[in-house]
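So, here come the structures, one by one.
Look for chain A in each of the two complexes below; its partner is chain B in the first and chain C in the second.
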Partner chain A sequence: MDAEPPRRAALARFIDPLAAPLAAGAATVALFGLFVALAGRNPLEVYRLMAEGAFGSWFSWQNTLLRASPLLLTALCTALPAQMGLVIIGGEGAFVIGGLAAIAAGLRMADIGTPALVVQCAMALAGMAAGGALIALAGAMRHWRGVNETISSLLLSSIAIAVMNQVVEGPMRDPASLNKPSTRPLPDADLIGNIPGMDVHWGLALGLIACLLAWLLMRRTTFGFAARIVGGNSRAARMAGLPVGLMMVIVTGLGGAAAGLGGMIEVAAVQGDANANIAAGYGLSGILVAFLARQHPLAIIPVAVLLGGIGASGGLLQRRLDLPDAAVLVLQGILFVALLAGEALPPLSEWKAKVSR
Partner chain B sequence: MSAASLGLWTVPIAVLGGAIRVSTPFLFVSLGELVTEKSGRINLGLEGTLIMGAMSGFGVAYLTGSPWLGVLAAGMVGVIFGALHAAICSLPRVNDIAVGIALMIFGIGLAFYLGKPLVQPRAPTLPALPLGFWSDIPQVRAALQVNALFIVGLVFTPVLSWALANTRWGLIVRMVGDSSEAARALGYSPIRVRLYATCFGGFMAGVGGSFLSLYYPGSWNEGLSSGQGITAVALVIFARWNPVACFGASLLFGGAGALGPALQAVGVTSGTYLLNAAPYFLTLLILVLSSSSRRRVAGAPGELSVTK
Partner chain C sequence: MSQDYRLSRRAVIAGMSAGAAFSALPVGSAWAATPTVGFIYVGPKDDYGYNQAHAAGAAAVKAMGVKVVEEERVPETIDVEKTMESMINLDGASLLFPTSFGYFDPHILKEAKKYPNVTFMHCGGLWHEGLPANVHSYFGYIDEAEFLSGIVAAHVTKTKKFGFVAAKPIPQVLRNINAFTLGARSIDPTITVQVIFTGDWSMPVKEAEATNSLADQGVDVVTCHVDSPKVVIETAEKRGLFTTGYHASQAALAPNGYLTGAEWNWEALYPSLITDFEAGKTIPGLIRGGLKAGIVKTSPYTALVPDAAKAKADAVKAQFMGDGFVIFAGPIKDNKGATVIDAGTMRGQTDIELEKMSYLVEGVIGSTS
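And now, the complex of A and B:
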């Protein structure tokens, strides 16, 4: 039995992680096609319209990228802790509390008349600190009290959303916001603008940079290497003298900070104030993006664009084919279920071995 | 005592009535999830099951004119979702928490999709028992209009508690949950037992959902659930996997939810959201206090991933 040639091994390393998502994607296309066929629509027409609504024109591309940009950041909230073997699902709460902290800081800074860039930096820092603290709490409770981080991050997220609603309707409510309780709006001059030449705000660039930094940290630094050792075997990591607890707090904190930054961008570039709309499910979709990207920080980028595109095409499906907008949620659900079932498939390189045997 | 002189007494009376109303879906979802978790698996997708149950129960009640057929249909839809969860989780290398989130998204999406035509119509609602007949105070009578499903849950709680402790089935479920190897050695298939336990959990969550659309608030719309399915998962942990404690915790969680509107009626309007979040905070506190990095949560099934 001779050793595998190195080039084939490298190819297998690249293809193997793609096998399950691709199989899941194919199964999803088939199942959702069946679903819309049962609803009396032509599946080919549905997919053609989805491609058109997501990527058919510059206009739809911009819509897609707008929807993708918060997902880049909320996905990191799940994907970064996942490097250490933690399953965090509190991104929605970190996003929301980040948005709330950002508007509180931003209004205070704007009131004393600081330049826009200073206001925005203060908002970003406040958002990241609030989101980071929320999720870091889940990491700390996991390490020092043995509390399951999935459940605690879910509970923390619900608490954060309640706090946001309470503050927006109570202490920070703008008396002028009558039927939709909101905080005071940021002055127009302090809002985050669009990237020149596009109708997409700078949040997209920040999201891309965050994914890139997360990848560099996790794959190219000693810290990231150590974190992934903890993910592989936390007992061995402790034996090797790694400060597991501190690392958990840092990595969960960074994940929460990413989602908190997403909330800050939602407030400063999209809503202009904080209101109940900032809890619009970006955190939940971010979990899906992270799992679909197999927790790889760079893979988050194409997956977020794909899911953003699916979301962007919902309107077109509704207008042309009278499909309810929830069809997009059904598609996401099928995709997620298929992907997890696909995890059970053996790696692609083993299929061939099985066939040749 | 006349109605006008009730004064501040209106608050506890309204909270009692509200707690009974709000706790009913909690009770059903949590009793179902309790059995699932006792078998060593956690189903986080019950929020999706609950909303599917609300939609399908409403739809069937609307089409057949019978609310009880609606409840049954909601339960059966829950069984299908439970079976789906169990089937995917029985594959190798699949994480039950992630499957739960996936099925939550799928269930919510499907319910919103199929439920579009049901937003307008009215369906027959479930009956309530006037247990306040002895009083002439309208508030007391209103508070003790106890819905039939709550009574079913009230009777079922001790039955489940007894069955888990004393019957062969209860023993098998608990054994699979504590050590699947021991169960396998005795010839029981953990995968099959967990399938049944998850289906049961789905059935109960579906029934809990039908309560929302068929009794209170009593119609179908997309904002029907305020996260009861997710809260119920926390509630089971809060109740330390004990059915009778689940009943008490459901009432407590329901009471917290009912306190806000009751206070609003007497003019206190702030704090509603925080009151609704109080159960999450309490659960978190219980988890922090009762866990330790060295041993598992007291009372937790041995195979349960979230307490390992």
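And now, the complex of A and C:
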């Protein structure tokens, strides 16, 4: 390897991280094509329809981007802690508890007649604080109590969803919501609107900014560098004098805050109130996005758009080709398994080196 | 190399513009007399339950020669808004049936404002004055069929203990539990109904656990109000219990235990709505009705139902079909002993008080909180 000319090394550095996802993508296209062929549909027709439904027109693009926007934020809940070597899968809970905290803060502020922007900022802060606290708890338990953060974040997520259901059906229930227990709705004036010229709400912009900030923090600051050292070897990091525990709490907290912000946007831009529908699985899809993006904050953007596109086109597959909704789940499943399999293979450059030797 | 790129880019642009032209076409046909009709379901359309009942209605519309587009498992989020828009923009749908209760507010209301030329028919009876004119809502008094199920079940029980697996203690569910109980106790006042709430509309594991737990407690008739009764009915069948169905017929799942059931009759309502729509008739904002209006029906009695039960249930059914039969006729006590409907008070089906039901009647074992 050290005899390799620097240019080739640079090329390998660029290609290596892309090779596995691309191979996984190609394998997925082939396997899913086989699957739909077995179901008696023409794979080319399926892919043509998917392209039409996801990216074929301005309407489809907006549909795709709208579905991608919550995933940008929930993916960060997994991707940020992953920089420190933590596997967090509690994004759904952070999303839900963030939404609940946001509506609580928003209603309180709206009741005293605060301007819309202030209400929204308070909601965002409350959502981020609640989501952040939930996931930071998993980080803290990992560091000081040795509790596996994957399991604890999953369990905390279940607790958060149960709390939301309890609160929405109990203390915060709007008596007028008879058959669909919900909180009181936010006043229309306080709802988050669309980006001008688009049929997509501001959540998309916030998601993109969050991904960019996460990348800057992790790749362009000393803090991010230190965090990745912890990810590489936490014992060595501790030996070097890094405050590993504090850093874990901060990074898991930031991840949870991102998902919590997603929950706030779901409440303030989509639902208008909080009810069981905010636990719609965005947090779970976010895990998939983060892994497909190989935990890279910027790679989350194209992957979220891809998954948003798959979601946007799924309806068309049902309506035009009479495929069951599960077809889209099969596609996502194949993609995920192919990618995990790809992760297990050695990097392409080493593989080539072995062959040429 | 560069040529390849140009070619592929051209192909992409051609594909995109073709897609755009294609998607623009059907919009023009939205004013044609025969609509393209879109059906949206929150769960799988073969769930032996809520969604299958609607899908049966969609199939009846399709059988009229009308173009139908369907999408299943659409969550009550931005997804359903986009599915509605996609049906309107890409399929040219001008009449939509978003069938889940939770689709209404805010999703259908948003889309109805955005697409004033599209008609939205929502299942749930949530219509009120002041909504956009293109929003309609319909629902059925299915508690009538539940009352009849209670009567039938009361004739076969040995243990006098019934079980009811329910999703959430909301008015619509409580009304069914209470009607079923009142029906059973109209035959035998010693019958009790143990209710178990699972907490959500689709909780297969909890539903199975609840059914098994009911069987262990000596219950010998089980029914339910969840989105898909499949798990409850199949589990009860395995435990050798009698069952009455909900939403659709589950007779095929339980040949040894199924008695009758409370079913939606969307396959009758939907074609008649389409006919009215095509003829340009004004569709009312709120459509409600029970057995008499043909919006709900009962599963055909199976061979397990004794003649005495059939005679009694049919007699009450004839009253529902005739001048009307009042299920919630006072005096009615809740299961804590408080009088909830005074003696002499008749709460007929259209009584708005019934929409706010928050109690379980005497004879139900369980709590709403």
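Keep in mind that, in the parts below, the second predicted complex is superposed on the first by the 354 of 357 C-alpha atoms of A that agree within 3 Å, B and C clash if a C-alpha of one lies under 4 Å from a C-alpha of the other, contacts with A are read in each partner's own complex, and residues count from 1 in each chain.
In this section, a residue touches a chain if its C-beta (ideal position, glycine included) is under 8 Å from a C-beta of that chain, and two chains touch if they have at least 3 such contacts.
Bear in mind that the values here come from a model prediction, so they are computed numbers and not experimental data.
Annotation for the three-chain superposition on chain A: chain B and chain C clash.
By the document's definition of touching, neither partner reaches A:M198: not chain B, not chain C.
Of the two partner chains, chain B is the only one touched by A:L154; chain C is not.
Look at A:I334: by the touch rule set out above, it reaches chain B but stays clear of chain C. Of the two partner chains placed around the shared chain by superposition, chain C is the only one that A:L178 touches, whereas chain B remains out of contact. Of the two partner chains placed by superposition, only chain B is touched by A:M141; chain C is not. In the superposed pair of complexes, A:P324 makes contact with chain B and with chain C alike. Within the superposed three-chain model, A:A280 lies in touch with chain C and out of touch with chain B [touch as defined at top].
Looking at the shared chain after the overlay, A:A236 reaches neither chain B nor chain C.
Touch criterion met: A:L66 reaches chain C, while chain B stays clear of it. Of 169-177, 259-267, 277-285 or 295-303, the chain B stretch that intrudes into chain C once chain A is superposed is 259-267 (criterion: clashing C-alpha atoms).
Residues 165, 169-170, 324 of chain A lie at the contact with chain B in one complex and at the contact with chain C in the other. If you check the complex, the residues on chain A that touch chain B are 87, 89, 141, 143-148, 150-152, 154-156, 158-159, 161-163, 165-166, 169-170, 284, 287-288, 291, 324, 326-334, 336-337, 339-341, 343-344. On chain A, the positions that touch chain C within their shared complex are 51-53, 55-60, 63, 66-67, 165, 169-170, 178-181, 185, 266, 270-272, 275-277, 280-281, 311-312, 315-316, 318-319, 324-325. Interface residues of chain C facing chain A in the complex, by the touch rule stated above, are 15-16, 19-20, 22-23, 44, 69-79, 82-83, 85-87, 89-91, 101-102, 105-106, 124, 168, 170-172, 199-200, 355-356, 369. Interface residues of chain B facing chain A in the complex, by the touch rule stated above, are 44, 48, 84, 88, 91-95, 97-99, 101-103, 105-113, 116, 227, 230-231, 233-234, 237, 270-274, 276-277, 280-281, 283-284, 287-288, 291-296, 306-308.
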